[in-house]
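What follows are several structures.
First chain A sits with chain B, and in the next complex the same chain sits with chain C.
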Partner chain A sequence: MRSALRGAIGVAGFLLLWEAAGHAGFAPQNLFPPVSMVFARLGELLATEEFLREIIATVLAWLIALALATGIAVPLGLLLGSYPAVRRATKVLVEFIRPVPPVALIPLLIVLIGNGPETKISLAVFGALWPILFNTIYALDELEPMYVETARSFGLGRGAIMARVALPNALPFIFTGVRISASISLILVISVELRGGGTAGIGYWMLGVSQGIRQMDLVLAGTVVAGVIGLLSNYGLEWLQRRLFGWNEIAQEAR
Partner chain B sequence: MTTMLEVSDLGHTYGSGDTAYTAISGLSFTVDTGELTCIVGPSGCGKSTLLRAIAGLHTPTSGTVRLKGETVAGVPEDLAVVFQDYSRSLFPWLTVRDNVEFPLRSRGVPAEDRARRAAEALEWVGLGKAGKKYPWQLSGGMQQRVSIARALACRPSLLLMDEPFASVDAQTRFELEDLLLRVRRELNATVLLVTHDIDESVYLGDRVLVLSKPPATVVAELPVDLPPVRDQITTRESDAFVSLRSEVARLLHGKEPAATPARGAAARAAGAVDQGGHVAESSTPKGQRTVTAPKNRRNGAGGKGRKKHMKTKKKRGVTVQRPR
Partner chain C sequence: MSEQPRRRARGFLERWLVFAGAVVVWEIVTRISDSVFFPPPSKIAQFCAELWFVAEPTQLFLADTVYEDILPSLARALGGWLITAVVGISLGLALGRSRIAYEYLNPLVTFLRSVPPPALIPVFMVAFGIGTEMQIATIVFGALWPVLLNSVDGARSVDRVKTDTARSFRISRAEWIRMVVFPAALPKIFAGLRTSLAISLILMVMSELVSSNHGIGYRIQLSQNTFSFDTMWAWLVLLGALGYLLNNALLALERRMLGWQPKREAAPATAKAGG
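Presenting the complex of A and B:
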């Protein structure tokens, strides 16, 4: 409760500063609108079906990307985590691809795939893969040898140990990876939309209103929506993690 | 009595060449059905290597292990292990009941039977009501009882215990020792328990096997001539207990044994009395010496002193305990 109060104070302070800066006359209000103006616009926008459709388009692409990234990264992580030989063989390739900033691939993807939803989804999947992949591998590396020994002593084979010991043990780690990837993929979906790699979505909408007569109040309203989606998803996933994997935190402390 | 376990000429060497380390060598003994045999040896003597070989967790470099007459290759289904480190051998993501059901699930026991057997096993160890809790909500002693219940739920022909009470406080250890004695009596279980605690080996065992320093061999085999129902206070102060524990201590820490048995015919035939002259030995057909502790000999050294240092802190309920 206290941390929630502190969080609220922080947010209120930021909004107040923003409001004051907006009125201070550093820049014309159409270029740097105060927060009250942005929220007023946002209120109007949320009442329009068109804007809600853009939000849904972004959220949908983001959720699909996150699901795909998880579906690819977890099995891949289990494979690389259980066969060190495979990991060594792919290490150089992985370390070569991983540092590539996904945003740098936007022009290439637009040329290759076009500007449909699959473009932003592909890029978001690419960016979201790594945290989930590396957390899965890490979880297998960190698997308590006694768990394996115990399972073996009860006659479990390699596959059964993977399914009934290694995977349940890795789930909290994997979930943390998903949480990190959730914000990465949201950023990437909106980035692609903003760079013209889409025909719908908040980013695409923001691109539209930022051209011509610069309606920064509208652009910022879009930004606030993106921020709120990110915030809600993180809180939601945190809550889910506590509910599902409470055993992990407490069990770790009890050690 | 039928033979449950037969270990013959077991040896295990780790590595090869200059860095090779022989943990056990020429180790032979048997365990009869319904018997509780304790193996006691100096720390780092290869007890775990021996136990892992019996459990089929690794293949020994020489010799064989037979369980009910069949050579062990791979993990035998008819065997269950209780490890020392309960906190790392119970799965934190499973409830107590699911932990107990864990081995049954992979053996294809139907859900109904699993639930019944798990409840029954938890009842045996006095945790009938803890099924829905998680292991980390229990004290160390209770966690180890869950491990014991999990092993018993498998209804193993042989229960292997690897220093099962070494990580709990002294008070809990006594409780668990008595629990083990009660349960094995009720179930007529065959138990092979490895420990480094001399008192424990004598208190629990029908028979104590003493191992040497590595490469470990069986130095002596001592039948424990104590009444089947034992008591933490009266048994431990009885003359028979005190003299037996002294014999074990002498064999373990005292002088080197007169000869290393089971190494060759010459060694087998040699030496009936160790250097201290306290132990009467006789050669058995298997090449091990059966040591009979002389009775009526009082030797209290160490036997009672230990009790003074016991912690009597009792942990109950949802305290979480860290293993030593």
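Presenting the complex of A and C:
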């Protein structure tokens, strides 16, 4: 209770300081607007349909990408993780692919795929694959051999062991991968929008208002929206993980 | 004792064999498909050589673009990362040792780190215009959180015995931070530093892609505009190589500095290397 109060005081203090600094005139208000102005602008924006559409475009692309990445990475991880040699080879290859920042592929993808939502979804899927794939493979690595042997002694086949022993055992770990991927794919969706891949979305919108006359209040309103989307996704997934896997120690450890 | 070097040598060999195999497959596939978008690696290598090397001893055989694009880009990424390290470690250790300060700032930090870093590019673009300041600001803001949060975690991990021992010796506050808290937090700090390094490189490229007039990201953008995909791939390969080298350099430093640790904490299975 005390800590929540202190947190609230911290936030309030930050906002007050910002407001005061905005009025103090260090910089013109179009460059450094007080916080009240940003929120007033945000209120106006949220009442317009176009702005809501931009938010929906971003969130939808992000959710689709995350779902696709999960749908591809989990089965692939289960497959690759079942063969130690393939598992090692994949790890090595990923070690070489991973240092290439996915954002550097944006120009190539725009030429290849175009300016539609497919571009940002593709890149976000590409970026989001790895953490899920890796956590799936690692989870299989750490599967207790006794569980497998017990299942085998009950006469379960390879597929049944995978579905009823390995997968449930790996799920909390996989979910941690999904959480990491969620923030990566959100970053990538917004990056592609900022780079002009796509003609809608919060990043695209922010790029528009940051050019021409400098309207920091609008830009910051967009940033607040992006932050809220990020915050909701972090908290939402954390909550979901606690609900689904509260029984598992990884879930309690991973915050 | 001879077991470990041998295993390491085998791992090393295996790694590069897999890599070489992948490059061969890549070469064959791209030659068969013959796509302008995906040149074969041999051609990329040739382009790399043409792009970055010249027969000019006064320039150390490096082309102008190395001095005008690669080094400035690297300087920005590493400079931003160093600022991040200083700010993140000092602030993180302070917050980790002061419960009250942490409670005041926690919700604020939680919100700020939820903002996807590229969304800050327009903000800094309006604030600073196009150029190095905007890029450094973006890098620092985006890469700060892993170092900060890991430092907080690390500073909290000082155990009771150490705390009590230090207290009974009445060491000064500065000594306490420098000789007890900092070393105890170091493994966590290094994990954070590595994630931040990856993020710094990503944001360096991203900020250059959005707006700049030189740098690696700018060159990639330029090769999109001129449809020269061989050049684009050369830059992509360079980025991968830089990321790989920097990460390994940091790992080597980490091994040197943490060699004394009785039991090293295993690196997290998946580092949170975003974007």
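We adopt the following convention: the second predicted complex is superposed on the first by the 221 of 255 C-alpha atoms of A that agree within 3 Å, B and C clash if a C-alpha of one lies under 4 Å from a C-alpha of the other, contacts with A are read in each partner's own complex, and residues count from 1 in each chain.
Operating definition for what follows: contacts are C-beta pairs under 8 Å (C-beta built on N, C-alpha and C of every residue); 3 or more make two chains touch, one makes a residue touch a chain.
Computed from a predicted model, the values in this text were never measured in an experiment.
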Message = Given the alignment on chain A, is it a clash or a fit between chain B and chain C?
response = fit
Request  = In the overlay, answer first, second, both or neither for which of chain B and chain C A:Ile9 touches.
outcome  = second
Task = Scan A:Phe154 for contacts with chain B and chain C and give back first, second, both or neither.
result = first
Inquiry  = For A:Ala47 in the superposed arrangement: first (chain B), second (chain C), both or neither?
reply    = neither
Query = Who touches more of chain A, chain B or chain C?
reply = C
Chain B versus chain C as contact partner of A:Ser210, first or second or both or neither = second
Query = Which value, in Å, gives the least CA distance between chain B and chain C in the superposed three-chain arrangement?
reply = 17
Query = Which part of chain A faces chain C closely enough to touch in the complex?
reply = 2-3, 6-11, 13-14, 31-32, 88-89, 92-93, 95-108, 110-112, 127, 130-131, 134-135, 138, 176-177, 180, 183-184, 186-188, 190-191, 194-195, 202-203, 206-207, 209-210, 214-216, 219-220, 222-223, 226-231, 234
Key: Touching residues on chain B, where the partner in the complex is chain A   = 55, 57, 75-77, 80-81, 83, 85, 87-89, 91-94, 102-103, 105-107, 134-136, 154, 320, 322
Query = Which residues, counting only chain A, touch chain B once they are in their complex?
reply = 144, 146-147, 149-156, 160, 164-165, 168-169, 171, 245, 247-248, 250-251, 254-255
Task = Mind listing the chain C positions that touch chain A in their complex?
result = 14-15, 18-19, 22, 37, 100, 103-108, 110-112, 114-123, 125-127, 198, 201-202, 205-206, 209-210, 217, 220-221, 223-224, 227, 229, 232, 235-236, 239-244, 247, 269-270, 272-275
